[in-house]
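Just below sit the structures, each encoded as structure tokens.
You will see chain A twice below: alongside chain B first, and alongside chain C after that.
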Partner chain A sequence: MGLNRSSLLKVLAWPIVGGLVLLATLPTAFADEEYDQDRAARWKQLQESLFPHRQVLDSGGIVSIDAPPRALDAALVPIELHISGSKPVKGVYLVIDDNPAPMAGHFVFGPKADPRELKLRVRVNAYTNIHAVVETQDGQLHAATKFVKAAGGCSAPAGSDDAAALADMGRMKLRLLGEFTADKPMQAQLMIRHPNFNGMQMNQITRFYTPPRFIRSIDATYDGAQVFHLDADISLSTDPVITFGFVPHAKGQMKVVAQDSSNAVFDHSFDVPGGTPGAAPAG
Partner chain B sequence: MSPTSLSRRDVLLGACACCVSSIARGAASAAEQTLTTDEVATGIHIRHGVDEDATPANSGAIANIGFIIGKQAVAVMDPGGSLIDGQRLRATIRKVTKLPIRYVVMSHVHPDHIFGAGAFVDDKPQFVGHALLPNALAQRGEYYRVRLDQQLGKGQAGPVVAPTLLVKDKSEIDLGGRTLEITAHGTAHTDCDLSVLDRQTRTLLLSDLLFVKRVPSLDGSLKGWLAELAKLKTVAARRAVPGHGPTGVDWPEASRDLERYLATLQKETRAAIAKGVEIDQASRTVALSERDQWTLFDDYNGHNVTRAYKELEWD
Partner chain C sequence: MTIRLTLIAMAVGLVAVARAGHPAPEPPGFWTGPVNDPVPSTIKGGTVIHTRALAILIKDQNQPAVIVDVSNAPRRPENLPATSTWLPVPHHAIPGAIWIPGAGLGAPPPALDEYFRKRLAAATGNDLSRRVVLYCHERCWLSWNGAKRAIQYGYRNVYWFPDGIEGWRKARQPTAVIEPEATP
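Up next, the complex of A and B:
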């Protein structure tokens, strides 16, 4: 019998996780999609706390989100962000409204980035809206929304993959997707072995929670020039996987530096082309 | 104490006492029911579990469970999918033999196999588990108990029972003139799978290391499961008892479908990863040729692909 993580407890005791901004005073975890008004109110409150004194505009065709409407595994919900490229962008925020720490990640793009497509895997704790908020170079914020049905992803108990991730922590792979051509944008998939414990997995005999330990930041540079900087929080899945675009001017090296919440630093350099052998993306 | 709190307390106590006794009465009669079992080999009695997920209607009786009778003692494997399933198994044993129940083998951490253990606590048996079972129960036991209560009705799941006798590699149990060989496997279906070989009848009780007809569920390691299965196929046994499916099957012939499913899952997941097919897309496209071979395929295959993908993408 499998562990069906998507059918789960809607009421959770959330322990305090060190170093997080827990928006404890806000209403959380609306369990039913009928609560559209409550969701809108929550997003309004989130905007005020995450982007104080700033106006968040609608997507304006600049950003969109793809996610499975009903996630198979709430601890691993694949999210795709599409950015049109019609206006130059500084970065993008990913907000999972009803997660205990809603700000899941903030990407800041560097000169070597191709920001048009980003993919990552996240934990989702309750039926929730997910927002992608793009910040353009001229300082405007544009938000896209997607509703995702998944529950229990944050507190789902550890699986055998968590043990494997812990044993192998810090190992990285970089897969280049597609052919290398100088000065042409290409996609790469970065994989980092890390259990990304979020502090919400309880050992039910000792009654202690497995202490949080998760990737806090990732820097990717190409021959010394920034591709992206990511500030992350507890919502990234075990073994974070991030697919991003970059523009290699010539054959060179992708350097990735990741730091976790225990201040462990993992860094690897990959030859481009080369690295870990990749393959053409699926049509 | 204020009069208000006193009366409130009395009311609560009164309500509790009356509902507890009515539940206890209902449970007692339900627990006296016996299960239909097949004697798959001399002294080995197995109840067939239905190919469903746990519901109030089936009381969580969805796995193949049973018992083995020696000259001096009885061993249970597995105790069942809920407290009531375990109570009924115990009542069934008591109709067949008065010998003491000395061992309750818990084949792995999944709730459909072990939540009946609470029914045997008063027999004071050794609860036998894989060396990694305590850790798995610490991570998931309470989570499973709450979820099973939600599926079956409050209080129906039963307690989480910890193993008292741990098996790291191999061990033997003596039931009096009947020796059971217990093997702790490497990560396969889960990370805490046990199998039992009855030497006397050469019957191999595999629990969820073997699925027949019901779609397998992968919660450990795909490569590990294929490796353990290859080893198990070399065990000279007259028959096997799968965790789901018929109560007795030919061995190793009955491993063929499972092996083909796992091999297909591995091959097609690897191909998807190599082509850059994303995990979500893969979960909807991999191993679909197996769809008509199994019950509950749509409920579990996508999950199996996700697990396989997470394992194989690190190769």
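Up next, the complex of A and C:
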């Protein structure tokens, strides 16, 4: 009706332009779709093998992950897990979907834990989804997802000197973050010297693969009561650093026991809050 | 005046290329630096091939190509606890490819070098004129090294496919899931 010729042309032209733009982006879109399908299939496979016969629900606001979208160093990808605390939790699983040993760690919280914030550093072998799966006290699983771009962390050398790394193995530090108040949650940062060789790193001088040797479990107890138990695997970074929360009822001792794949046991006790934070181990 | 402007334009262009860091110059020997780094656009003694041409090349029944994937493969630690889940992601490859992890290392252990030499000889039927295609991932030196090694072995028709499996899949070319060979 009121449509003149030029505006008619414009109306007709836009879908054509749109079509061309769409065509230009199609090959990439298809490829991305294919990778999305790969990732969905992978997560399905992992759910079936890691949590057989169980339903994994969405995060429901119970858990979230912070991680850099593009990691600077694939062998040291910082991961933060946030747990809302709206439901009591038993533990949390950290799954790095595309790593060959995808279960990077399983934390089980004890009565002295404040599970709301956990930080650790992991190796990532490919562009991958990372899942944090919280298990609530009532036995439900809730998962949060984060996509991380990093590649090659599994074969990246652990350090410049294998022998020095092994000699230093088992040294620990505990740094208290924040002020101590009885019965108030506080954060602590645990550092363990351990090369955490995963068996995929090649010694640059001997040109042989360094035999795997990695931390399998860490137990932290406060005055005899459990803070957390961690089952770890080859995905933890060299010199693991774990930041966790705990609730001290009074001044006391944090005892940390770590066991590695060669059955070496490292244990240290730290005074809380006595002494200088981060001081040399008392044990 | 025109010449001066042209020269300025060329200089600006050169600076831009240098800034972008692409492509890297060919190293005299094997590349021993970071594996995932910008790669050259050439390989002395061989041919650089891209997705479309490769898709045609490997269909050529008269001159069947030997395709070698030199991507790294995950190695299962022998002392991994029995309770651990070892579940590498399915490895997508160009159909027909053989997967020889480590063949593209800058300095492979001698036994691995020897394995690669013999494996190539077997796959080509001891024919140094057979087409050999080397690839791994995009922006990955392993395939460049692997191609260089094949050239050094004496193969005369070596193709290096720098687009890697990512470029191949982006072009919607078919893939097959394969397992790595048990290299020493």
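The criterion applied here is as follows: the second predicted complex is superposed on the first by the 229 of 283 C-alpha atoms of A that agree within 3 Å, B and C clash if a C-alpha of one lies under 4 Å from a C-alpha of the other, contacts with A are read in each partner's own complex, and residues count from 1 in each chain.
One rule holds in what follows: a contact is a pair of C-beta atoms (placed from the backbone, for glycine too) under 8 Å apart; a residue touches a chain by one contact, two chains touch by 3 or more.
These numbers were taken from a predicted model, which means no experiment stands behind them.
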Problem - First, second, both or neither for A:Lys173, with chain B first and chain C second - result: first
Practice task
Identify the partner contact of A:Gly139: answer first if only chain B is touched, second if only chain C is, both if each is, neither if none is.
Solution key: neither
Exercise for the section: Examine A:Pro111 and indicate which partner it touches, taking first as chain B and second as chain C; both and neither are also allowed. Expected result: neither
Exercise for the section: Scan A:Pro69 for contacts with chain B and chain C and give back first, second, both or neither. Expected result: neither
Handout entry: First, second, both or neither for A:Ile234, with chain B first and chain C second
Key = second
Handout entry: Which of chain B and chain C A:Pro52 touches, first, second, both or neither
Key = neither
Problem - Contacts of A:Asn198 with chain B and chain C, given as first, second, both or neither - result: second
Practice task
Once the two structures are superposed, pull the chain A residues common to the chain B and chain C interfaces.
Solution key: 202
Practice task
Spell out the part of chain B that touches chain A in their complex, as residue ranges.
Solution key: 62-63, 110-113, 134, 137-143, 146-147, 160, 162, 187, 190-191, 208, 217-221, 274-281, 283, 300, 302-304, 306-307, 310-311, 313-314
Practice task
Using the touch rule from the top, collect the residues of chain A that touch chain C in their complex.
Solution key: 27-28, 30-31, 34-35, 38, 42, 45-46, 49-50, 97-98, 100-103, 125-126, 151-152, 154-155, 198-200, 202, 207-209, 212-214, 216, 231, 233-234, 261-262
Exercise for the section: Would you tell me which residues of chain C are touching chain A in their complex? Expected result: 35-36, 72, 74-81, 83-89, 105, 107-109, 169-172
Practice task
Please give the residue numbers of chain A that touch chain B in the complex, ascending.
Solution key: 1-4, 7-9, 68, 72-73, 76, 78, 119, 121, 156-161, 163-164, 168, 171, 173, 175, 177, 189, 191, 193, 201-206, 239, 241, 278-282
